[in-house]
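Take a look at this one; I'll ask things after.
Order as written gives the chain letters A, B, C, D, E and F; numbering starts at 1 within each chain.
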Amino acid sequence: MVEYDQANDEVRAIYDEIMEIRGIDFIPNVFKTLATHPPTLRRLWDGLRQVMAPGRLDPLTKEMIAIAVSATNGCEYCLWSHTAAARKLGLDDEMLGEVMAVTGMFNQTNRLANGYQIEVDEIYRKAALGPES
Amino acid sequence: MVEYDQANDEVRAIYDEIMEIRGIDFIPNVFKTLATHPPTLRRLWDGLRQVMAPGRLDPLTKEMIAIAVSATNGCEYCLWSHTAAARKLGLDDEMLGEVMAVTGMFNQTNRLANGYQIEVDEIYRKAALGPES
Amino acid sequence: MVEYDQANDEVRAIYDEIMEIRGIDFIPNVFKTLATHPPTLRRLWDGLRQVMAPGRLDPLTKEMIAIAVSATNGCEYCLWSHTAAARKLGLDDEMLGEVMAVTGMFNQTNRLANGYQIEVDEIYRKAALGPES
Amino acid sequence: MVEYDQANDEVRAIYDEIMEIRGIDFIPNVFKTLATHPPTLRRLWDGLRQVMAPGRLDPLTKEMIAIAVSATNGCEYCLWSHTAAARKLGLDDEMLGEVMAVTGMFNQTNRLANGYQIEVDEIYRKAALGPES
Amino acid sequence: MVEYDQANDEVRAIYDEIMEIRGIDFIPNVFKTLATHPPTLRRLWDGLRQVMAPGRLDPLTKEMIAIAVSATNGCEYCLWSHTAAARKLGLDDEMLGEVMAVTGMFNQTNRLANGYQIEVDEIYRKAALGPES
Amino acid sequence: MVEYDQANDEVRAIYDEIMEIRGIDFIPNVFKTLATHPPTLRRLWDGLRQVMAPGRLDPLTKEMIAIAVSATNGCEYCLWSHTAAARKLGLDDEMLGEVMAVTGMFNQTNRLANGYQIEVDEIYRKAALGPES
């Protein structure tokens, strides 16, 4: 991991950006680790800022999706960091309970659908493509 | 798959419930397949109704999480059916684009965090547990 | 895919073994594909014979575990071939229903345990290691 | 996590049920965590009881499938708890060795079948659907 | 999917870039699909160009890693497109056989290591961090 | 885990082979664990030697694929041991950064391709099969 004091100018500039934009006064371990390969740190940080910015989905909804993905993949670091971020945005135990219930349920049904190799209903295929297609 | 006409009374009652509650006039293949094992059909249908009911999260948010989970697991049936369900609740191409961008991004970062075996920041661990813990 | 007529002597000998031991008169596509890399065909076929031989677990139990793994991973080829193999060994719709119910359930609970990052009970840790440890 | 003493009546009733039915005198962490969202605790506990009850598959076979699924998904909590449960039902090192050998082997072949995008043999497709279809 | 003729100026400029840099005269379906959400198309295309450029690893090695990842995740589109790209860079059946053998083997051992919850050897932990840590 | 002193002759012979061929003076925990089921230890060790031997791909390339697979699956033991092995073969932070960047990127695009259920381009399908098909 690259500490702030050891970082070159390029990395230090990104660290400053991270702390300012996130309103925090420490560098999370994930960025200190990615800094061992500066182009990846740059690309990931820029991507995260773009993807997590408020859009048609609000930041809390995005963090709840991040929790669902991380629970599905079993990523320990990600679960702690995204749950922490979601808490800051207002997630309480009941909302987290619903995120987990939905995540657990569809991990279950995904396997039933795969396990039985269920054929897609033509009506879903059409509806999924949307009016724009 | 068990067609409506072949179904016994127990299964037919569930089929009727599904069509009524979902406001559809066909039995999706997933339920026709689960009907080969009636206790699983009963348990899954009851669970789905409970989990997907409006709660602290609205039904569209829940369907977006279902899409994120199904994309992460690569479940073809589930992707078509949940995208169809979300379309019905108002999902347009831009919202779907954001769901996919978030899902893709965190499938990426999940692997970076795992791949480098990044240690959890103590500050995230505390924040994630929430004020209730 | 390497057809029987195109196969070299090494591959043809394995094909003959497969047909004899499995009591079939065709070469499944998986072996015709692995034959594009003969050392992998040899290693996999030998491994499969060893692992699937009757042992403390009977062949049907092993095929049910194969179905559970393949459903969890979403492998289409594997699901059709292992379900076919299990049918031959006596699997009926009710047993398949139980395999799927268990597989679905634990794909669900796996994500809840990961999602909440639940700490392992010390009592389970000790019991799991068994009397031999 | 919700301790027994902090639990409301609904949760405490479920805790009592768990201890009685499982014949244990402590609440496993998974249930203390699910209790932060009581409807999920209720649904999961009821589902587990139904799915794990002796049926056409005996409880040990079900626990071995649970181990295979949890190993495939890499769920730490689940591996310790299901291996502990299976030990109680008689699983020894040799049986566990066979469960792991089968689980490992099909995680391998699943990727070979996916990686080469092997086409399903028509003969398997028919056999898998079974005589009932 | 957004066809070239329907694309707005921003998307068309990316399409032109893709065809020029890849030396192809068609737009692959993945980009026509991502074009339904232009910021994702832009971010992904820029990221792909950066990540796949020759670096310390040559492009064929990168494509082989892409095949290994896609086989592990079971992504049909990705397997066909990355295998095609690797073929163009010189991948023959024997090299593909080795990629698959390695991918299959470690999908197997990953589950054995997880399944038995094997403790990390301290000597590996130190060596993995490298001389730079 | 089976220590060297407790091992029977068959296991001890494999332990000796492992230490000699790998040029190490300890038994890694993975082998001490697999030794609880000697036929699996034998099969895995023989398979590893065959698969990891220099071939058309050099050993470092194979270890980098092992890292990519293990990061995708989130296997802690495997990540430490394969990163250690790759370090010994010359992997530095920049190369590891490229392996991770490629692994992360395709875990992202795999989900976008799955999530949108993108149809395979016919041109890729043909090119992937190679001139030999």
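Brief remarks on what is shown
Note that in this section a contact is a pair of C-beta atoms (placed from the backbone, for glycine too) under 8 Å apart; a residue touches a chain by one contact, two chains touch by 3 or more.
Predicted model, so just to flag it, every value in this text is computed and none were measured.
Under the contact definition stated at the top, the chains bordering both chain C and chain E are A, B, D, F.
Bringing chain D onto chain E by least-squares fit of CA atoms involves turning it by 180°, to the nearest 5. Taking each chain's centre as the mean of its C-alpha atoms, chain D lies 27 Å from chain F.
For this pair, chain C with chain D, the centres built from the Cα atoms lie 18 Å apart. Centre-to-centre, using mean CA coordinates, chain A is 33 Å away from chain C.
In chain E, the residues that reach two or more other chains under the touch definition are 36, 39-40, 43-44, 47, 51, 70, 72-76, 79-80, 93-94, 96, 98-101, 103-105, 107-112, 114, 116-117, 128, 132. In the complex of the two chains, the chain B residues touching chain E come out as 74, 93-94, 96-98, 100-101, 104, 117. For chain D in complex with chain A, the residues that touch the partner chain are 36-37, 39-40, 43-44, 73-75, 128.
Listed in rising order, the residues of chain E touching chain D in the complex are 67, 70-72, 74, 76, 79-80, 99-100, 103-105, 107-112, 114-117.
Interface residues of chain F, counted against chain E in their complex, comprise 26, 28-30, 33-34, 40, 44, 47-48, 51-52, 55-57, 61-62, 64-66, 68-70, 72-73, 75-84, 87-88, 91-96, 98-99, 101-103, 105-114, 116, 118-121, 123-128, 130, 132.
Within the complex, the chain A residues that touch chain E are 1, 36, 39, 43, 47, 50-51, 132-133.
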